[in-house]
Every structure is written in C-alpha cells, then in structure tokens.
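Look at the two complexes coming up: chain A is in both, with chain B in one and chain C in the other.
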Partner chain A sequence: MHIPDAFIPIGQSVIYWIIALAFIILSLRWARKSMGEERVPLVAVLAAGVFAIQAMNVPIPWGTSGHMVGAALAAIVLGSPYAGVFVLTLVLLVQGVVFGDGGITTMGANIVNMGVVGGFVGYYGYAALQGIVRSPYAAAFAAGWASLFVSAILCAGELAVAGTFPLGFGLVSMGLYHAVIGVIEGGITAVALYLISSARPDILEHPQVVSG
Partner chain B sequence: MIDDLYLIEKHAYRSSIVHLMDARVKLLIVLAFIVAIVAVPYSVRVIELGAIFFAFFAGLWCCSRLSPLIYARRLVLILPFGIFLILFQIFFKNRYYDIFHPIATLPFGIEVYAESAEFASILFVKFIVSVSFIILISSTTRMQDLLDASRRLGLPQEFVLPLGMMIRYLFVFAEMIGKVRCALDTRCFDPFDRHLPYRYRLRQVGYTIGMIFIRSYEQGERTYTSMLCRGYGENARAHLVKKPLRPREVSFFAGTLIFIAVATAVVYLHP
Partner chain C sequence: MDRRAFIIAGIAAALVIAVAAPFLASGNPDGLESAFFGIYGAKTLTGDELDEDAAALAEEQVVEKTGNAFAYESPMPDYTLGDLGKPGEVAAVVLGTLVMFGLVYGVARIAARPGN
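Let's look at the complex of A and B:
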C-alpha cells in the first residue's frame, strides 16, 4: 500500500501533502494538548514498536503473507485517531527516507491512506461497533479490517486519478487482496488489544471501554 | 526491512567525501533530484533525463567508495515495492496516450500495447532514479545526522524529540524482533506451517505482536523515567550545535541545482 515516487503526478502529490499536513498539524495539536510531556517518549517508542510490528510477516490463508499497518491499534490503545496519524507519520517518514518503502513526493498520499484513514476508520469504527456487537474484541477486529480495506480502496482511487492504474482493476485487485489481508490487521488488532487489556489495562486510554 | 537496519547504518558510518558532506546538502539535493524526475511529464524524454540523473548518482556512489553490490542488494529489496505496479502497466490503456497499438496477444484476449510498454518504462526510469537517490542518502548518512539536518532545516520541535527517540529505539526493536524470532524457532513454531490450524497461528502471532507493543510501551515508560532523572520537562529542548555550511558545500549544492535545472531544460527544449 506504500505508493512509490512517480506513480502520482507532482500536482496531485502536492494536494495529498497539503491534506496530510493539515492532519499532521492537528495531530501535533492533539499531542501538545492530550499527550502531556510523559506521553511523548511513550508514543515515540511506540512508533518504533509499530515499525517493528510491520516487520512481522503473517501468513494469509491462500498462501501468501502480509503485515499489519498498526494505525487502528495505535488509535484504539491511545484513545484518539490523531494518535494513529502521529505514529504512522513518524513510521512512514523513516520508511520513506531510509528504506525507500513509499516515496518522498507520495508520502503525503501514504500518510493520508494509512495514517489518517487508518487511524480515523480504526478509532471511530471501533467506537461505533462496540455499541452494536457488544464485544470490544469483535469491534476491534472489524475496525482493524475496515481501516485497512478503506485505506486500500482509497489508494486504488488515488492511483486511478493519477492515471497510473485503472480504477476497476485497482478496486477489484486492491479490494480483494486487502479484504483478505485485512483479516490479519483485524485479527491481530483484536488479539493484541486482548493481551494489552489483560496484561497492562492501565496502558489503554479508555480501559473501561474494553473491559465493559 | 528492519533486519537491514544495522547494515544500512554500518554503511553510513564509513568515511568518504560523500559521507562527510553536510547532511542538509545531501538531503536537499536528493529531494531536488526526486522532485525533478517526478515533476517532468510522462514522456519518453524522461528516459533521457533519467539516464543523466542516474549518471550523476553513479558518480556520487563511486565517490562514496561503497561497493556497487551494496547498491544492487538494496535495490533488489526495494524493487518489489513498485515493480509489480510497473509490470501491470503493459496490459492497460492509460490516459497519457490517444492511440494504442497491440504488440502481443495473450490467452483470454489479454493484449500488450506498445504505448503501455513505453509508459511502463517511463515509470520504471522515474522509480529507479528516485529510489537510487534514497539508497544513496541512507547509505552515506547516519540517521542521527539526518535528524539533525532536518532540525536545522526547520523540522517542527514537536516532531524532533519523538522522531529522535523513535530512531534510537528502532535498533532496540530490531534486536528484539531477532530475539522473538529466535524464541519462536526454539519452540518449533512456524507461522507458515500449514499443519497448524490457521486460527492458532494467527493467535500466536497476535500475542507476539501484542507483547512487542507492551514491551515498547514499557520501554517508553523506563525511558521517560530516566529522562526525568536527567532533567527532562515540558520545555526541554535537545541541544543542537550551530553548523554553518562550508563554502565548498554551498558551491556543490548550488552547482547541483543548476545542473538539475539545465539538464531538465536541455532535454525538454531539445527538438
């Protein structure tokens, strides 16, 4: 899902960068207001943890493998969609500049797809579904799955607008692939949330939501 | 990806004229090359311009005294991120051409178009030039130097501390991932073993990831405590020594920008 350089024309890349910057500024504002000085190191180390988690390949039923993005998990655990934006911005910055995973000009689009959409769909999906399914883990699974699926659909749309991948094929291939890979994102978000709420419930920003 | 962290940093710790160049100059030059190659419209002239830019990159790589094998190895690791998108292009019509001529017909009526193949090669050139410069900067610049350069170039203060800490702890987690993998191997657990139920494998991997998450959080808590002991507070700012650019670095930077502008203009204005 990391869009490399050259796949989005520079004009469109600027637009995605502007959108991403708006959310980055909001996430910085959230960080200043809500995180407090004691949470800055925590979130920073957590970003390194998410980076490491992305290195863990997980098998997919049909034989291939994938890895989770982690925006939904970060947003749910830290109690804000902006946490997902903040953490994923740090991760994507290092991935793009040091590892060449995702482009520099397309980093804005990648932040929008994985950080903004991943964080917001993950967080609000989790909050909305909790009232319906009455199980925090089922809600986390669905929210994690949706965060990846919606991000992938948006990514397909961006490539189609850029004219570098046809919309129909992109929606079907990216949609199908990430619908399956989303099982990993959802499954691991739920399992990790269960483990965290069991071992360290104090970490969760809203522990009563999970235990309730 | 995280497995290569130590190797990349090891290369960055070497010494050469490129390694010793100010990280700000390298960062801005790399950005300029990437923006320039991405900004030029999709046309065959990109191939010509890409060749010129790649020659410049190759010159810098030679000056860095790093083996071409290092570049090749890193390129092979990065290629999958874009190559599949590029390969698929040959089967599709796109908006950048008006007429498409089939050059091959595959089973199920799938056609390969000459213009689509040309478009794929344009994307390939842009992609290769971009990632080559990324490989160059990450192989010749330490992560801490990149962060300091970003600070000197105006990275917001709110990002400086988290990013700096994140970079530091990436190495801790690279080691942790290695230990986790070792522990899983010791228990003969293979997440790709199809003899094990899928739900069981997913649960075990989920627990592992949850454990890394908790460990990272606990590491963050310990870090915060030790920072408090060193006087960290709300208004704490990491010190950064002022480092003016040397005249030869300014000259190199200006010369490279002129080179990029002239090369782009010559390639595009040439009839």
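Let's look at the complex of A and C:
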C-alpha cells in the first residue's frame, strides 16, 4: 500500500506530511513519557521484524499480492497506538530512502495511512474487541484485519481527492484486495502476539508508569 | 525466556524471514498497484493477466494527471543490489533488517523515558 510519488500532487502531499509530523511529535512525546529504556531492544526487534515481513509479498487471487504492515502488532505489543506510529515512521523512512519503496513526497501520506490509522485502529480495535470475544488472539486477528482494511479505504479516498483513482471503483478495488490482504495482517498479528506472550508474558502487562 | 534470549530470538526470526523473503515473495503487483492497473486498463479487477505495455503507459498517465514528477534514485531500488540477482536481493533485505534494528535502537534510545 506504499503510495509512490506520482500518485498525489505535491500540494496535497505537503498536507499529509503536516498531519504525519503532528503524529510523529505525539509519538515522540509518548516515547518520552511511557517507553521505558528497558523496552528499547524490544522496539528495535519489532521494527526489524516488521521490515523483514513487509518484504514477503503473499500471493492473493486476481493476479495480486500483499504483505503485512505491522502497525497494529507494534501498537498492541507496546500498549499504545503511538508505538505503531513510531515504528512505522522509521520503517517507511528506510523503505522509501534506501529501497525506493513508497515515495518521498508521499511518505507523509504513507505514514498517516499505515502508521497512524494502522496503529490507532489496531490498538483501539484490540482493546474494544478483547472485552467482547474474550480471546486476545481472536481480538488481535480482527483488529489486525480492520487496521489494514481501514488504511486501504482511506488510501482510496486520498487517491480520489488526488484525481488518481475514481472514488467508486477505487474503493471497490482497494477494498476487495485489502479485505483479503487483511487476513494476512490479522493472522500474523495473532500468531506473533501468541509467540511474544508465550515467551515473555510480562511484556504485555503494561504496568502504569510511576513518576519520579 | 530471559530478556537477552528473547531479543536474540527475535532478531534471528527477522533474519530468517529476510533471507527467505526474496525466494518466497510473490512478484504480482500489490493491492494498491493492482487497483491502479485495473483503473488504468492494464488488468481487470479479478483478472490474473497484466498488460505490461498498458502498465507502463499508466505510469506516464498518472504523472500527467497529478503533475508530481518528483523522481528519486534509491541506492537499492525494489530490494535489489546492482545486478546480483537473488543473492543481491537477500543481501538487500538482510541489510535493511539490520539497518532497521540499528536505526530504531538508536532513535528509541534517545526518545525513551530515561531510567530511574
């Protein structure tokens, strides 16, 4: 879902960059307040894993493929939607600058779609569903799926505003493909959450921050 | 599992995925590209076939439409390393995974709440 440069006029790209920067600042404030130093290696491992798994495009029907984004997983494991913003911003930066995956002018839009929407829908979806389905893994699957699907719908909307996609067919095709790719997102989110919580149950407890 | 072992296992898992990805990854267009090619007549919504000529034309059309002709030459475009083929792709993704770990470790170290 990495939008290349040509897909959005520069003037609109600047607006997405401004929105992205606002959330990046908020994510840095979250880190200063709530991300303890002992979590630094975990955040780095999550980012490395998210980067690697994003290189693994899984074939889906209709001559198409898709891969996990990973913002929902980062947000759920680290206990904040801003963790998704933090990790995805750095992943998208390396992908765009080093590998030409996703544009430079459109990086702000990609951070908004995948980092911000992925992180917020993933985190709050997980929190809301956990009370209903009682299984953290089922909740993680559904939240992962929804995070990807909502990102894709917003992306289709942005490209309609850009004049690149017609709204109707853009929504239908982005929605169709990403409804399937969302199963990959949800599945890996649930499995990774299971593996992490089996190895280190303490990571997911999220104790309250004690000041001083 | 202790903290150190958990981090090492995590890095090992990321590197296994990084090495396997170039061999297992599908070369089909991703969801966004596929939607784009469908809209610009290079494939159909549910079809498997991609018309390469129409796809190339679509990429020119979209630049005309948005006026965003910004071009950037990345050092390892599309996760490739020069003309090295598969070994180059493996090296690119492994390198990217290690760079990712190092960069995020550094930024998170600076950004994190200081220890008591």
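Methods note: the second predicted complex is superposed on the first by the 192 of 212 C-alpha atoms of A that agree within 3 Å, B and C clash if a C-alpha of one lies under 4 Å from a C-alpha of the other, contacts with A are read in each partner's own complex, and residues count from 1 in each chain.
The rule is short, and it goes like this: contacts are C-beta pairs under 8 Å (C-beta built on N, C-alpha and C of every residue); 3 or more make two chains touch, one makes a residue touch a chain.
Since the model is a prediction, treat every value here as computed from it, not as a measurement.
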item	value
Overlay on chain A: chain C relative to chain B, clash or fit	clash
Partner chain(s) touched by A:101 [first = chain B, second = chain C, both, neither]	both
First, second, both or neither for A:184, with chain B first and chain C second	first
Which superposed partner A:6 touches (first chain B, second chain C, both, neither)	both
Which superposed partner A:150 touches (first chain B, second chain C, both, neither)	neither
Touching partner for A:47 - first (chain B), second (chain C), both, neither	both
Partner chain in contact with A:72 - chain B first, chain C second, else both or neither	neither
Partner chain in contact with A:33 - chain B first, chain C second, else both or neither	second
First, second, both or neither for A:204, with chain B first and chain C second	neither
First, second, both or neither for A:176, with chain B first and chain C second	second
Touching both chain C and chain B, counted on chain A across the two superposed complexes	2, 5-7, 9-10, 13, 28, 31-32, 37-38, 40-53, 55-59, 61, 65, 86, 90-91, 94-101, 103-105, 163-166, 169, 199-200
Residue ranges of chain B in contact with chain A within the complex	1-4, 8, 31, 34-35, 37-39, 42, 74, 78, 81-82, 85, 88-89, 92-96, 123, 126-127, 130-131, 134-135, 137-138, 143, 146, 156, 158-159, 161-170, 172-174, 176-177, 191-192, 198, 201-203, 205-221, 223-224, 227, 232-234, 236
Contacting residues of chain A [partner chain B, same complex]	2, 4-7, 9-10, 13, 28, 31-32, 37-38, 40-59, 61, 65, 68, 73, 77, 86, 90-91, 93-105, 159, 163-166, 169, 183-184, 187-188, 190-196, 199-200, 203
Interfacial residue positions of chain C with respect to chain A in the complex	1, 3, 6-7, 9-11, 13-15, 17-18, 20-22, 24-32, 34-36, 38-39, 43, 45-50, 59, 62-63, 65-79, 92-93, 96-105, 107-109, 111-116
Residues of chain A that touch chain C when the two form their complex	1-3, 5-10, 13, 28, 31-53, 55-67, 86-87, 90-91, 94-101, 103-105, 152, 155-156, 162-166, 169-170, 172-174, 176-178, 181, 199-200, 209, 212
